[in-house]
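Two complexes come next, and they have one chain in common, subunit A, joined by subunit B in the first and subunit C in the second.
Right after this comes the complex of A and B.
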């Protein structure tokens, strides 16, 4: 197996017929690209575009607000993945805008790293209601489905806001201009759902696709595959993460997902509703559905000004339509210290990753992205 | 009585007995006095102050006590001084087990003896249950520096090399694992140690410009301090930066960058490029110095810290924004 440097040499040796834009749909991929400084070492005619791969970024604004209100219900322990805590809802600055601010106001908000933590907290606090904010992609939905399969403590409920990855890519491909000529598909999602989920990109749209793992070497291998497919005009679905991604994926996990969840049309923050892109609890879980258990938690009058704060271009960043530095708030009104939109919050958000790796709006000589 | 009560901080009998039975027994009698005289000595008197909070108080490779000694000693050592005396103030939470306090005091005594420093004065306060993190330690250190040793960032110039005496990120990662946060476990040890042998060896090398211990904020933060103070660009080389595999793996998993994690037994030296290889040989020959490496250089250009990646790409290492690991040192 060639190493990252060898894949890079192969990429440089390719002759491409035209400049190529390659989309990735995984925050983990984008992080690796930034950490390894890949954009600075690739040929100029190859552009890597971060796509809809950050679960925090696409979590609907109304769900964030629901989460904040629910966390403020007296007696409730609210658990969420750490990334969700700082995402701002689009409300006036005088109001409680994030779970972190809710915690500062006395709400019992606890960051967790896995569904097992939520169960453990519920078991340790049998006299309190524990609500678990489940935002994420298939990689989160599958372990949560497994948790449901095992059975839930009576006092644990879910605020479910999980999404499938491929429908967002389908939305891009079905739009007037997809904006990319090659796709690097997410390795962990494919491990669960199987590589076949991405076949439509090749079969229906003729776009070269390769599934990648999370090292720089694996991403460069997938990139080489995509570029070579373009050079040879021979698109196919390549699997560059074959140690983990097996044909048909993890059947047990898929069965679990199908047993516990229904597919629903679901909102993506700033993007709109994407058909069959969300998971909903099966009706028999109604007793653990936080949306049903706490129906009145959305209290008070709220002047909504839209999904995203004024001027925030996160939606176009998420869909790969513009790069982070092209947002006019990037690095000015919006920094990791004072994030305006969700892409600047999560470690998987493109803006946060670009910022962390040194991309600044005012410096041409910054380390190139 | 096996636990600290508010009475142990009231100045009365309980406190006198605690000082006698724990602190004076471990550190020597002079800590009972309110003030102590130090013998006259040659050179420049160097003073440092530091506070220590860590969760958990005991972790693989050390505890808050050894950390307090090493942290204080290292601040003196990297200035070119020889550490001699320390004072320690203990802020103890009501309910703290006296056995545990004694264990930590013993650890302090061991670390101090290893470093050749004497604990000469101390203080004890007790805060009510729930108002402290078990134990906080405030320390001061006094050392002597020869008059002809003058280190500082002003001496740093373009072309100078940066060296580190071992792998980075061990302490931050070990403390994280010791909290058993995120269900993670591992056998990684903190690098908490005195850097005095390394500092003394470096001071003996002509062309040494500056030293600093990369504690909070890690190696990237030291590089940023150098860059901002000198106005030069600092280039770090990922190919030579020593990071242990478990540290790298855990950081990958949790999204941390080891270059920003605290070290407690590491020193960064900036040295004349003509003498960098000499210093590397000397450091590698010291106990626990086998992981020493030349990790970068000072360059002309905008004051930034840039990491040259293994693939030849560049990544800017900015000043730390959020705290990646609260309360680790």
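Right after this comes the complex of A and C.
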């Protein structure tokens, strides 16, 4: 397997018919791209665009507000992956805007690293209700389905806000201007769901696609594949992470998802409803559905579509329409210390990743190269 | 949230495997690998406490190298 430098040489040797924009849809990919400084070493006519790869960033505000309300229910222990705790909702400063603020007001909010932690906390506190806020893509939804398969304590309920990745890419491709000519598909989503989920990008839209792993070499291998497909006008679905992504993915995990969840149309923050992009608990789990268990506490939660804070361009960043440094708030009102939008909160968020790699507003021109 | 970590299985009890990676020990659920023959010594890809695929020892090692780079970079960024 050639190393990153060798892939880069191959990329530079290609003759492209036109400038090319390649979308990635995984925060892990974006982190490697930023860390390795790949944008700075690619030919000028190749632009890498971070796309909808951050589940925290697209978690709808309605669900963040529901989470805050549930956390404030007396006696409830509220558990969530750590990234979710600081995501701000767009409410008045006098109101509680995040789970961290809820905790400061006395709510029992605990960060967890695994669904198994939620089960352990519920077992250790049999006289209290434990609510688990599940945001994530297929990589997280499958372990949660496994947790359900293994069996839940009676006092553990779920606020489910998990999403599928490919429907967001389908939404982009079905819009008037997709904004990209090649796709690097997410390696660990494909490890579970299999590569075929991405075939529609090639077959229906003629867009070259390659599944990548998480080293700089693997991402450059996938990029080379995509660019070569463009140069040769021969789009196909390439798997550049075949050591992990088997032809059918992980069928057991897919079965687990199908056994525990129904597909539903679901809201993406700032973007709107995307068909068949969400998971809902199967009806036999109704007794563990936090939305059904605590209806009175969720009555007041607002349902809105355009729910990013004023001036925040996270929705356009998530969909790859602009780069983080093109947001008016980036690095000014919005920094990791005082995040305005979710893309600056999450480790998977493009804004947070660009900031961590030293991109500042005054270096915006350099960043676009 | 979608980054997964390779670990080596040290022991298996029911659907739970005791796993190790670079001196870190974790209990990992094998529920999502229930249709694969997984044994002690195998390497698995672990995400949020659940094994999502079996992998070779060589691929586990190359992925560990990546995580060393990421943690080094995060340290340098003060994150």
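Miscellaneous remarks
Assume the second predicted complex is superposed on the first by the 354 of 369 C-alpha atoms of A that agree within 3 Å, B and C clash if a C-alpha of one lies under 4 Å from a C-alpha of the other, contacts with A are read in each partner's own complex, and residues count from 1 in each chain.
By our rule, a contact is a pair of C-beta atoms (placed from the backbone, for glycine too) under 8 Å apart; a residue touches a chain by one contact, two chains touch by 3 or more.
Just so we're clear, the structure is a prediction, and the values are computed from it rather than from any experiment.
When subunit B and subunit C are set side by side, the one touching more residues of subunit A is C.
When the shared chain is aligned, subunit C comes close enough to touch A:142, but subunit B does not.
Contacts of A:114 after superposition: both subunit B and subunit C are touched. In the superposition on chain A, A:333 contacts neither subunit B nor subunit C. By the document's definition of touching, of the two partners only subunit C reaches A:192; subunit B does not. In the superposition on chain A, no contact is made by A:47 with either subunit B or subunit C. Using the contact criterion defined above for the overlaid structures, shared-chain residue A:35 touches subunit B and also reaches subunit C. In the superposition on chain A, A:8 makes contact with subunit B only, while subunit C stays out of contact range.
For the contact definition in use here, the residues of subunit A common to its subunit B contact set and its subunit C contact set are 31, 35, 113-114, 116-117, 214, 336, 347, 356-358. Of all residues in subunit B, those touching subunit A in their complex are 181-183, 252, 255, 257, 302, 304, 306-318, 321-322.
Put simply, subunit A touches subunit B in their complex at residues 4-5, 8, 31, 34-41, 113-114, 116-117, 214, 216, 335-337, 347, 355-359, 363, 365-368.
By the touch criterion stated above, subunit C contacts subunit A in their complex at residues 1-4, 15, 27, 29, 31-36, 45, 47-50, 52-53, 55-56, 59, 62-63, 65-66, 69-70, 73-74, 77, 79. If you check the complex, the residues on subunit A that touch subunit C are 26-28, 31-32, 35, 53-56, 81, 83, 113-117, 135-137, 139-140, 142-143, 146-147, 149-150, 186, 188-189, 191-192, 213-215, 243-244, 246, 250-253, 256, 336, 346-348, 356-358.
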